[in-house]
Every structure is written in C-alpha cells, then in structure tokens.
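Each of the next two complexes has subunit A plus one other chain: subunit B in the first, subunit C in the second.
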Partner chain A sequence: MSIKHQMSIEGNDLRLDFDKEYTQIGKSVPRIDGVEKATGAGKYAGDLKFPNMLYGKILYSPHAHAKILSIDTSEAEKIPGVKAVLTSKDVPDMKYGISPARWDENIFCIDKARYVGDKIAGVACIDEETCYKAMKAIKVEYEVLPTVLDYRHAMDEGMPLVHDNYPRNINTEIHQDFGDVEQAFKDAYHVREDVFTGTRAYQNPIERHSNVCIWKDDKLTIYPSSQSPHYFQYYVAREFGLKMGQVRIVLPLIGGGFGGKLEPSGLEFVGSVLSKVTGRPVMMSYDRLEMFQHNRGRHQGTYRIKTGVDKNGKILGCHTYFLLDGGAYTGLGIATAYYSGALLPLTYEFDNYKFDGYRIATNLPACGAHRGHGAPQPKYAFESHLDNIAKDLGIDPLDIRLINARKPNTTTVNGFGIQSCELTACLDRIAELSDWREKKKKGLPQGRGIGIATGSFVSGAGYPIYRNDWPSASCMIRVNEDGTSATLYSMSADLGQGSSTILCQMAAEAMGYKYENMKIVCGDTETAPLDFGAYASRQTLFSGWAAKRAGEKIKKDILETAAFMMGLPNEDMDLDCVDGVIFSKSRPKVKVTTFEEAAARYFKLKGPLVGTGVYTVHRTGGYHKGAPVGTSPAYSFGVQAAEMEVDEETGKLTCLNFWDVHDCGQVINPTLVKGQIHGALYMGIGESIFEQVQFDDKGKIVNGSMGGYLMPTALDMPSNVINETVESYEPVAPWGVKECGEGSTNPTMGAFRNAIADAVGANVTSLPLNPEHVWRAIQEKKAKDKK
Partner chain B sequence: MANVLTDKEGKKRYLVSFTINGDEHQGLVKANTLFVNFIRDELDLTGTKRGCELGDCGSCTVLMEGKPVNACLLLAVEADGHSFTTIEGLATTNKLDLVQEKFIEYGAFQCGYCAPGMILSAKALLNSNPKPTEHEVREAISGNLCRCTGYVNVVKAILAASGQEVEH
Partner chain C sequence: MYLPDFEYFAPDSIGEACQLLSQFGAKAKLISGGTDVLVKMKNELLAPEVLVSIKNLEELKKIEYVPGKGVVIGARAKHNDLVYSELLAKRYPSIPGAAKQMAHNQIRNSGTVGGNIVNAVPSADLPPILIALSATVHIVGAKGSRSLALEDVFTGPNTTCLAPDEIITEVIIPDQKMTGSTYMKFGLRAAGALAVAGVAAAVWVENGVMKDARIVMSAVGPTPMRAKKAEDFLKGKKITDELLAEAGKKAAEECKPIDDYRASAEYRRNLVSVFTKRSLRKAIDEGHV
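Let's look at the complex of A and B:
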C-alpha cells in the first residue's frame, strides 16, 4: 500500500498523520492505448472494414475560381463497379461553417468552385481504382474566372469577389480598442513600428482523413477521423435534418489532428449520402494532396505592430494591425482572426491596446485552427518586435521580458482573468538553464546567437464551439459488477495527446481506485455523455473536472457501502479509499477492505454503480464585440530559448541548443506533458525553418506531398532539447492543472528568429526562417552598413 | 517468376507467395497491386499504415528479409518468394518485443500512426547495429516521419532498447 500514514501519541492524543500523497496522478503511468498502438492492433478509421463495404471519393475542382456550367455523370455511371455518383443536386444545399453569419460552405459547389480542391461530385464504387476511373469519366464544364490569390491585394478596387456577400473580400473585420493607445504613444519614451510576415503552414497529421459512413433506415453511424465527435454529430444532424439521436459518431483511434480534424472535412457528408443511396457502408478518404487542399491549416498573415515603451522598456501601449489570408471558406477561421489579436496581451502587462484585424477571402484552400490557434504567428511578430525595441534601447531581451511579464491574479487589458501565472519563474529558470547572463556578458562566437520568447495559451475555450447552453464537459463512470474494473465514458477525443490516459488517472484518483483497472470508451456519442472534444487545449481541465466529479460520486457510494460492511459509521469523513484500499483513518486497527469488495457488494444490493460528472465554465471575459474569443478558466505560460549558428555565406542554420520552461500547472503525467511540449516544439521548429505550402500562379499547390512539404526529420531536430516545468497550481482547475500542448508552439518561432537576429545582427522579418530569407536579411544589412 | 493467369478480357493476374510473420500466404494479384494494399486489404494486416503512398513518410515500413522497406513502393509481384515481418509479427503471444516495450515506457509515440513503421526501422537498426550512437539512431529513423513527438522520446526509447542508459 502506498499510502503513508503514521500513528503517533503526543501527550494523550492519539494522532494519525496522513500524508496526502496522490497515488494515481502525478505519475508517468504507461499510456492506456500503448500496447494496441505498439503492436499495430489498434484501428484507425482507414483500417476499418465492414461487410459489403464500398469505397468513395470526391472529385475536386482543378480551377481556383470557376463557374460550373454543367456536370455530366452519365459515362461514369455506366462503368462496371460504380454504385453511385452524386452532385450538388443530390445532397442538401444548406451551407455550413462555425458561425451562422458566415456559413458559406456547401457539401458540393453549387454555382462555382472557389479553390483548387473544391468539392464537385462524389462516387461510390467497389474499390478505389474504380473510383478514380469514375471520376475521370465525369465531365464538368467550367467557365474559368479571374482569381484572387494574393491576400495583400484582395481588398483592392476591381478585384473579383470570392463570395458575393464579402465585399472587398473582407471575410471578417475586427476593431477592438482598450484604454487610450494614442495617449500612450504620446507618453512613451520610444515608439517603434515593425512589419512581419508569415506563411501558410499545414498540420499534416500522418494519418489521412478517412471515415466510414453507414446510413441504415433512419440511423446514420459514422466512424470519422475527428477531434470532436459531438461537433460532428451536431453538424451532420443539422445538415441532413436528422435528430441528434439519429446520428451516432464513433471515434476509432485518431492519428493526430492538431486542429486539422476539428471541422467536418466534407468526407462525412458525402459518405453519408453515398451510403444512404447505395444502402452499403462507404469508406471515404483523402489522399495526401487532397488533405493539403482541404487544409484548415495556419493562416498566413502580415503583422504590423506599433508599441510605445518607457525608458526601461515597460510597454505603455500597443497597436496591432493584422491582415490574414483566410482562403476560400470561413470554417473556424473567424475564431482564428479574433484569437490572433486577443491572445497577445496575455504574457505582458499593459493598459492600452488596439487591435485591427482583417481576415481576407482568397481562392486558396481555407485556413483554420492550427495548433496554437491564431496565436503563433502574431506572437512570433510581437516577440521579434520586442527584441527590436530592446535593441533600440540597449536593454537585454531577457530584462525587457522580465519587466513586462504578467503577474498572477491580474486581468488583461481585454478582460481575461488570470489566476496562476509563473511567467517570471519561467524566465528566471530559462536564464539559468541557458546560461543567458553569462553568454550575454561574454558574447558568443561569430555567427552564433541566442534568442528568447514567451507564450501563453487558453486552457480550454470559455465558450463552446457553436452556440449552445450545454455544460462544457460531462462523463460517466460505471464500475464493473465485481469491482475489478471501471469504465470511463467520455466524449473526449484522444488524438495522441494522451487524454484517455490522464482522464483515467484522474478518475481513478478521485474514486480511490487504481489506474491499471480503468478502461475508457471515448468518443462514442451513443454511450458517452457530451463533451466538446479536443480543441483549444481543453480536455485536461474541462474533461478532467467531469472525471474528478464522477469519480468522487463513485467514491461516496463505495465508502457508504464499506461503512456498512465494516460496521462503522460513515461520518466525519473517517473512512477513506486510496489506491483501492478502504480504511478507517481514526481506527487503524479496524481491518481494511477493498474497493473491489465494496463495489461487488454495492452491485448486489443496489445494482450498477454509476457516477456522473459535469463541468460548466464560469462566466468569463468582457462585453465588447468578440469578447468570448480567448476567454478561458485558466492560462498556461511558457518561455523558450534557442541557441543558433548561422553560416553567413549560405544562410544555413543549425540549432545548437533549445530550452523550454513551461507553467502548465500541476502535472498529471510527466511523460505525456514532456511529449506534448516536444511535439509542440517540433511543429514550431518546422514552421520556423521549413514549412510553407506553395502555390503556382493558378492557385494550385505545388508541394502537396510529404516529400514536397518539408517537415523536420529526426536528423533536422536539435538533439539538445531541455524542457522543464515550474511549480504552479491553478486554483480553478481539477488538481491545479493547465494546458501545455498548444502553448508550447507559441514562443518557438520568436525564439528562433531572435537567435538568428542576434547571430547575424539583421532584422529577419519573413517566415519561414530558411536559408534564403536569412541570407537576404544578411545582404540587406550589409548593404545598409556600407551606406 | 510468379505464375500468370489471364482472364477472358486478357488481363493478367500473378500468383504470388511469400512468408509474412512466419505464415505462408498466396495471392492472385494485378501487376500494379501494391504490397501494402495487399497485406492490408487481403490479409487484414492493417498494422502497416499508409500515410503518403509515395515513399515519403515511412509509416508503411515492413521488414523484408530483415531490412526495412516502404511497402507502398513495393509491388506485390516483387514480394514473391520473400519473407517479411510486419508489426503484427514482432510480439509473441504474451510478450512484447523489447523495442515495443521501450517505446511504451519512454512515451515514444502519441497518436501512434507512425509507431509500427518507426518500431520496425528501430528493430532493423538494432539487428544490424546493437549499440548505435544517437546520430546512427537518428539516421536510421530519418525516413520515418512523426508529426507528434519531435523524435525526442523515440531516440531515447531506441537507445534504451539497445541497453544504453537513458534518462526519461
């Protein structure tokens, strides 16, 4: 038994000192899906097989902007093995998206195609090969229209419109104004303006989007590759006019999402109708290029930032002006646009802030919620800008961050309430780890630089993904009849981040049970109660609350039964159950019993032992337009530093060392937390130095493959990655937890850029920070120096 | 060369046989049938994944005569007469392979989609080089893309599986 308790007699008092050490959380237990993943036994959507199953594909537009004049499917229908061909007239024409004012996407294009990859028709056939034959035989007559490919000129006079209802191609326009920025600039000792640019990056999970749809009679079942089964259920029901209860979503294993699998991909809508008309299960999937075309990755943007500071570098006011390339549809992009400006005031304290943002419609794949949703590129710009200011003033980049760093129990200028915040501790620790002061004092060898950047992120969005008044998360635990196992039913989604593992740890801790006896059914809408799923880094805190509360209910029932079995009163919280053992705290001589025995007795007396838990976020945020976006019960904080070597001749970059220190509250599973940070860092590094979706002048992707779109391999990653967490406890979270998976993507690009700028003394402004961009910045600087 | 059957439209099918995880398998395949599709669709060995089908990602890695190959670049007809190990063949009934054990212990996968290929590449490396350096490990898995882990724990797990001391 791992509970530490000790009896002692002080005077006449018999005392029991109970050391409340956790037995299930705070430990790197092996992940619950470890064996099935390591042995290849686990099934992802694309691995599923059903009797009589057909294969389906979506025919996409080869033009970035084109009117659809006619579609002739007659030849395709004649091909043996082709079971169904669908076009827009065979499916509902209700538009979809995240926010009703911007529902702008259809299952199939009705009037025109808006990007290369837009959905035109669907086929279901006996195998994939036949699908390709069928798609080739579909004759579509297009009238090619002029395109809008460059978001920077999309608002210009005379540009064609991507959507008629977005004048000047402005999809979203945001103006937020807090305090008095102009006055702050007047009061400032120094005011500086910079412009930075980002690029389109794509989540590129290794598992491709797939799903199996089975529409039988009045019930539709979908096995999708999805981050939010509830959102899918809601959207599919809405699109087809079904009741939610008629739609069942069952999640198989998910091979990574990073935001790219949060919105419907179109495959589930098309697959559903194909299944309905054929009466057979239909397997749908995107190939790699089609995934790039469906996209929903990072918005590229132009980020203009103007900041006024006092003599010491204290920020007085900041004005940001962001232009984002949204692509052809809105999807989650409206949230991205708000996030891009709203999250900036998190890490530093200042009282005056103005944010002007434009999300622009273009004839390119739609962008969406890519890890760190909206925050990483603006943060890269701001952190680069802050280093420029520090340089102007002759202040150490570490000091300008320390002087501005957010403190606990503060409220941001735009109304986000912060409780726990150990940003200063993170800065101090990273300075130690990286030997920052020493390196700054002595200087680094020629061609070498060190850079630092901060980041912060929501631990779950304060408002749900679509307008509703449901609780934020709920779950149910059922203890098996003989008490030897318990199953957690949750509609959370484990994309790999490990939510199933930590939710089981949390449930077991709350129940007084053992993690190794926990099972989980996650993401099945027919058995598990509502949870909005995996996005905005919400599950550890949100789903965690639900698991904790459900577990506590089970424990209460267990202790009541045990009291009866042990012939003791169950009062004054005298009985406790820890790690599966039930004991009396005040009567240590009373023979202990076990969770198992009590659970078995409970079943005999009262039937199934079930506990439910629910969590609803408290009201958060202000009342201005867009106030809900960026609200959260809690915020994570983090700092990263990079030491880089730059070859000035070629622009070649080598990352010698990388440090990350994170305030993610209490840690439930250290190995999983580290894994999240490594992964976030990896994506941040990729986006810093390689990743860029590229297009030809007709809007066609030219590098839509794993070989074309470069992501770091094991050889490209720095081998010296040191990451640590600082001690922190979030009061509004279960056991004090906070997020870590997305926040760690935020500082990376800034840290890289600042290290490079430090190495070469040039103001590098364009992502990705590849040899070409770095080399150009060096040349510019040399030319300037000559003058 | 495999036996050829011709159907009434003149299309050829090839009779191939190979050993997978110790079991003999026969199949009648088209000239363009990919080995990865054959084992997944016909033999239900879906542990071998498909991420790109272009030889770029390594998630379809299998061992052919003990050497790692991308099963999406291999035609089923080319596989004729060869012997393969897929991820399903690594563990015995009740015992995981040491590499699998270390991958779990070190948290070397998250979504797990790359894991079968990554584990087999690691296995092949350790078979030919029982005490690799960190750089050799990175080289050996450089054809296996992972979008989740940043390879940090993958490298550790493989070094640990080779018996070297690695902190968690």
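Let's look at the complex of A and C:
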C-alpha cells in the first residue's frame, strides 16, 4: 500500500516526492462542481428550458379526508394557453410507492383524498401563471369525511380508516425480540422507563422538487431533482409498462435532498403523461407549500423506552415501544419504522432487546426518509433516557457511555456485524476537547450545562429498496483519447454532499492519475451503469468500491502499455503509476513515462481505454422478520457534546460550544467531511430547537413557508464548533472509508436535551426543545421542588 | 403565487397621490416598499386594481432634526435608513436598535417606516419604540392634513384609522425628558422571525426615582399596547429590582395575548413580564439603547 519512497532521477525533470501514502485521496481538493455552482452557471432542473416546453402543475385536495364525487374540467380546458388537463381517468391506476410491501399511492386520487395536498388533477399550459388559473377553474365536488389527525388516537375504536386495508390505521406493525428482556429486567439493579415525544420536521431542501419530462414516440426522458436515477427509472417504467431501456433519467445539478427526493414525487408521473398527450416537453414543480405538503420528512413519534442496568450502569436489557405518525401513505415509511428500532443497539452493547413498533396512517402528509432515516428521534429518546438512568445511579453521563460503548469486531443483539468501531476513542477525545471531567468536577455557572450523546449509522443499506439481484454499485471510466482527461460514468447522485468529487478522487487514486484531470457524468441512466444512488449514506463506500475497481483496471492496462513503451517487463508489480507518472520501482534510473503518454499510445494500439468496476454487498444480517433493514457492510460512530446556556425566565437556549468527534473511517476529503458534520449540526439544531411542521384542526399546514417554518439562520449556529475525526480503518471498505453524512445527525438532539437537563435540572420530554417547552419544563420542576 | 394584473401610478407629489387614492377609492392600494402589499397580492389576500406608489416622493425619505418640532422621520425612510442613521444614533439609538431586530437585511433594505405602521400587524417591531418615545404622525389626505399620536393610529389587527385617501408622511419624535429607552424583541430565531412578544420601555429617571415611564407591548394584543397600569405604578417610585419585577407582572396582566402556532398566551404573558422588567432596567442603566 505504502508509496513512501523518494525518487530523484538524473537527467529527468520530474522530481517526485511522495511524502504521503496517497496522492489523490485524503486531501481537500476543490469540489468538481464548485465553480459552476458558486457562479450560478450550473443548471438545476428548474433552470432547464427546451423548445416548445410547457409548464405543468398538480391540483391538490384542500381537504384532509374527502370523497371525490365529481371533477369538471370543462371550464379549465377553455382557458387560452391550457394545453392539457388530466384526472385519474387519464392515467394508469396502478398503485405505486417505494417500499414494495405497501404500494398505496395513485398518480391521482381515484376514490378519495387522504391529506391536504393529495393529488387530484394535472394541467399543462404555456406558462405557470396559466396553470394556476386553470387549476382554479377545475371544479371538484367533495364529500368531506371525518379525519384522523392525531396518530396517538388513530388506533382507537371507531376511528375512520385512512386506507380500508390498514385495520385500526396500523400501516406497519413490528415485533422483534432478542434474548430475554424480562429476565434481564429481573436481574437488573435498576430498571427505568421513560417516554419522549418527537415532532414532524421537514427536510426543506433549498431546491424545489422539479422535473422536465419529454415523452416522444416510445421513449420517455426525465430530468428530475432526484436522489436516485435508478429507482426513478425503475418505478417510472413499471408505472407505464415500459421497459427500463425506454426510460432515460438524467440528473441535472441537485440542490439538496436529505431523503425527501428518494421516492417518486408524483411530478414525474403527471409530467410524463402531460408530455405524452401534448407531444411537448413539460416542466413540473412544487412550490414551497406544495413541498411541505408532499413532505416525506421526519416521522413524529412517541418513544417509550424501558432499560435495566446493573450497579455500574451496564445495560442488561432494553425494551422499546415506538408509535410513529406515518401520514397518509407509506412511501419509505416501512423502512423508517424498522430503522427506528433496529439501529438503537448499534452504539451500546447489550444482549437482550425487544422492539415493538407501530407506524400509523393519518390524514396528514406522508412521512419518509429524513437524514438519519428513522434513527435520530429514537436516538434522542434513548440518549435522554440513558442520562436519566445515569442520574438515578449517580454516574457521570460520560462514564455510562464508556461502560456500554460498542467495541470493534462485535455483533449487535439484532445481528449486525461491526468491524471497525472507535466509539471509545471518540468518547475519550470529546472528553478532552470539551474539558468534560473538569467541568463536571467544578460545575458550570448557573443556567449553563453540558450534555453528551452518541450516534451511529449504516454506510449504505445492505439490501436494495425493491427486491433485485443487481450489484449494489457499478461504474465505468473512459480515458479520453489523448490521455489528458478521464471521465467517470456513474449513476450516483451528487446532492451537494460532494460525491462526484470524492468518487473522482478515488478513481484517480486507483488509476494512478490526477484528480484535476477527472470529469464525471453522473446520474444519467443512458450513459452510466447501474448504481442505486444517494441514500442510506452509501456512495462513499458502495460507489467508491466501483470507482476503485474501475480505476484499478485502467491502471493495469496503462502499466501494460507503459511496460511496452519503456522496454521493461511488467512483472512482479514492478511498474507503478502514481499521480500521473509511471516508473519502475526496481530500476529508478529508467526514464519515467506519464499516464498521458501511455493512455494515448493505448488508444492508438487498442482503441478506447475503458475500465469498469462493480460492487456487491456481502450477505449481511440475521433471519428474523425485518432483518435486512439496518444491515450494512460498515457502521460509522460519533459523539457530540454541547454546552448550553438556558435563560431560565424565558427558556431561550444558546449553544455556546459544540464538539463532534467522529469515526468515519479513512477520510477521502477532510473539507467535505467537515461540511457534512456542520450541515448535520445545522439540521440537528433545527430539528432540536426550531423546526416543527404545524397543522390547524383541519389538517392544513399553517407554517409551510420559509418565513413560517423556522430553520436556523447563521446567527443561530453555535459560535464555537469543533469537529475532529479519529484514526479508523474499515476493512471491508475501499481505503477504509465509512459514512459521516447521516450518522452526524443522530446525537445532536440528545446532546442538546442532556445539556438543558444539566443546566436547569428540568426534563424536557418533547421535541422541539423550543423556548416555550423548556420554560414549561422549568416551571414543572419548580412546582415539584416546592412540594 | 403570481401577481394579478393591476394599473400602476407613481405620482410626483403627495397631493397627486392623495388625489389618485381618492379617485379610485377601494380599488386602489398605496404601495411603499412593497414588502407586505406584494406578498399579500401574491397570496391572493389583496387584489387591488390600482397601485399608487410613493417611491418618487423623495422628501418622504428624510431623517432630520427640526428645532421646536423634534426628530422627523419621513414615512418612506427604509428600515435600514434608520439602522444607519447618524442622527438617530446620536439622539435615540433605541430606534435603530429596534429597526435592526426586524426581519432580514433584504426586507430592511426595502420596507419603510410608514409601511410598517399602516400594515398594522400586532407584532410590528417599530411602533412600540416610537410610541414609547411619544411619537406623533403627520397625515395628508385629499381634503387636508392632520396630526395624531401614533398609538391612536391603530384600531385592530391590520387596521388603522386612516381614510383610504390618507397617507402618513412623517413620524415625529418630540423633544422629551425621557432619559432612556429600548425595545426588546423575543422571536423564535435570531433573525427573520416575527416577535412572539416584544416590549419597548422609555423612562425618565432622576436621582434613582422613576419620574415617568412608558411601556409598549407588541404581539400580545390586537394593536401595539401601552401597559398603563404598570406605567402608573412606576411613577414617582424609587427604582429597585423588585419594583421593576412588579411592573412586569402588572404589564403581563394588562396584555391580551392569544394562543397561536408560535406560542401560547400563557407563555407570552410570561415573556411580557420578563421583558418589561429587563427593558426598564436596560433603559434605566444604559439610556437610549
């Protein structure tokens, strides 16, 4: 592996000094798309324009639950500029979704609307303004039905059903039982039960959901704002009875997804049919309120956790009971429900675990995968619960985490194999950085507290979303004819996280080439081979393997050609290519050649220089029901600590210091890792303190705008954020990498809650930890103290 | 989402503007910075057939001191004109202090003082400090002009006593004995959030005694509200922390908050109590800030 040798070649201008093991990875190279994004030159779906393009919109239901009695589109059709109006009669009635176990959505509602925002009709017009006029002219007669808005009562006797085939509105029910929890509770020195409640949060990416659909003859091309070209291709082909080869998905630049753009949005189906009937390209988009209504954001839940520990705080067994508000449709929600319980045993070692989970259907926007998929709110509950246990036992919150911390080369109680795990190192390091011991010993000033929490996440899901036996990732590299550049063709999706940059770094490293000469075509199903895209934090590891293997194939071909050119045998791995220079390890005086020259020669002799790479996840997980959810080749680990100041009179919070120490394996690009951690902290602060999708008593969103839904501003970020990574190497990953984008979201809410509890002694049990909630918890504590 | 069609006038004189407003009556809407009117039109809450813009009325942008009258702020002065005004920084820094707490920089570069007043939202950030400093407004209409105490302009949420053809042209802060003033806003994030509650206080302190006090609360009633009982309670008393806390409690009793999705009425009362106490203390100790 190591390339630590110096070359000083007489008569040669090239002076190479390999101080580092790697020349392309482990470096904060500039983003491959940085300039076009920063200058505004880059094109997102909403920027695209095609000759004769029409604009389309979807008319949505103003009622949370209503039977559709009739739809009259005749007035709308008469408006000048209206080119097509569609209702459920004009589109396939095949139900879609993304979790195959529960396909329950239709392109347009057929019998009834199930939430405010449910899709009723579609229009295509010469401009968007006309679309709004046309939608107003569509007359829909509804019979308003009683609604199910509170998931906590949705299972009650006599409640209306959101879907007839989900009795008692139970969308998914999960019961997993490992070891013997009851016995563990009997053996325990202390058993405690807590209940915490979460809130609905929305990803709210800066880029709105948009796409352009072009259905010409028997070919459908879509330019969507999507996290996965492959799933879009598969689901669109399936819906319209097309072959995959007839559907082309091309990703423009993407302005954030965070899980919300993984499943079909409905825009692509409606846009496709509108394009087919008009014979023209159609641009579809959701406005900000429609984005909130489409949702697929965080499930809110009630999290009941019971844990038994020994005298030292070692966890013996844990029973979780989670109730999740799923909203009107399933989407990715089944996976969310499984993830919510499955990922809890990752950071701490215990042998007995029982998980009961219910995902409930309600007449509210459907929830889905939201950064940290299913894990963050349960983790907030568990980390808060663990602090309560530590307090009961008089143990330092840091110590109870050290005692229970996951070790490398272990298997979780629910069957996930862990190789690399530096959680203990993370805890030790954060204790140093935050001066934890000293602060605990001396105490902090009145109103100030410090809290800690851990997190972990999959580095890619072990199984694809719909059942298939395709490889998990593949890609292709073509070295361009004169060798001065190479293009990586990958169906990965760069949502802003920087995957295109790191995949090019990895490809260049494997090729022995230079990152700055790399180009990428990503997310085009017609030019790039299959990859499932950006979700479950999979691309660095999964797509990275494919890029590494494709690069290694190129390198092999290059070295063969170079051996011929240099008049040397290519034996015993003697030739190597590093940073674009090809040299003999055993004969340092032989004149070196370059990647460029060898590549140009290769093309002249043999034609295009192409390398392909493929990666298939090894069989992971146990055999119980739901075992595939939560499996992964590798898991990231991380710890966060927050020092908070609480204004006891108002409940206002100020985060003074924030620390994050992460085990994300080997780092390919330190700046991008830092960006992920800062971004996760930003979202974590938002979900902890500010963000909450709120509804009126009719199920209508009251704050579905950038002004109403309060995401933090730069001024709300902690003034002091320190993040570090620990030394770690994941053996099953290319160059030992692991994820850090989603795992970094998991500890934040718990760290904040624990800091608040430490500051004012109040137990805030519901998200968001906004000033009023904190103030109320302080009032309750004061009232209790008086007694 | 899209602006409806409308006719647009940008007259060169106040008289002409009033004339147009009078001529078109209910069909017309006055527009200044547009940060409220245009948003309402896009959201279909307002559909005027005629917009009368006062953007060409340069004389309404002034911020100046007129001896015998006081500090005169033109209705067209933008929030950021207040923020960066040297005159206000010298005389009443509490006014730029309040303006700085409003919305975002983009809005502050566009929205105007007059607009903030006539839009009359209960959570508006400028009226409390202006009322605390006994501001009056000069109003010009088609049939003449009049002056009014600013606090008497508001009649309810989004409503004022102005006739359709009347335009606020200036806000006047009279010379006064108040030795300190400040506005404290509580929003749910550091910028770009409406006040959940806000309190402006102006105090006249002599030898540790409260000679006079004016307390104005925002976002806890249908209009910006004076806490008159708290003011009366304070007058003539020796200033102590307990006194200010008691004034806070009285203000909390006087306010009329509602429950909405931002906060409960109960919590808002608590905020009024806390911020009355704190804003009085700040104005007493630090002067006009």
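The rule is simple: the second predicted complex is superposed on the first by the 768 of 787 C-alpha atoms of A that agree within 3 Å, B and C clash if a C-alpha of one lies under 4 Å from a C-alpha of the other, contacts with A are read in each partner's own complex, and residues count from 1 in each chain.
The working rule: a contact is a pair of C-beta atoms (placed from the backbone, for glycine too) under 8 Å apart; a residue touches a chain by one contact, two chains touch by 3 or more.
If you're wondering where the values come from, they're calculated on a predicted model, not measured in any experiment.
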item	value
Partner chain in contact with A:715 - subunit B first, subunit C second, else both or neither	both
Touched partner set for A:33, first subunit B, second subunit C, both or neither	first
Which superposed partner A:707 touches (first subunit B, second subunit C, both, neither)	both
Superposition-derived comparison: subunit B or subunit C, residues of subunit A touched	B
Partner chain in contact with A:321 - subunit B first, subunit C second, else both or neither	neither
Touching partner for A:564 - first (subunit B), second (subunit C), both, neither	neither
Subunit B versus subunit C as contact partner of A:206, first or second or both or neither	first
First, second, both or neither for A:287, with subunit B first and subunit C second	both
First, second, both or neither for A:185, with subunit B first and subunit C second	neither
Which superposed partner A:729 touches (first subunit B, second subunit C, both, neither)	neither
Set of subunit A residues, in rising order, touched by both subunit B and subunit C	287, 707, 711-713, 715
Contacting residues of subunit A [partner subunit C, same complex]	128-129, 132, 287, 649-650, 652, 690, 694, 702-703, 707, 710-713, 715-716, 770-772, 775-776
Touching residues (chain side subunit C, partner subunit A) in the complex	1-2, 186, 188-193, 261, 263-264, 267, 270-271, 274
Complex contact set, residues of subunit A against subunit B	28, 30-31, 33-35, 37-44, 46-47, 49, 203-208, 253-256, 258, 287-288, 495-498, 671-672, 674-675, 678-679, 681-683, 685, 705-707, 711-715, 717, 719, 721
Subunit B residues touching subunit A - in the complex, by the definition given at the top	40, 44-57, 59, 86-88, 90-91, 96, 100, 103-107, 109-116, 119, 134, 137-139, 141-155, 168
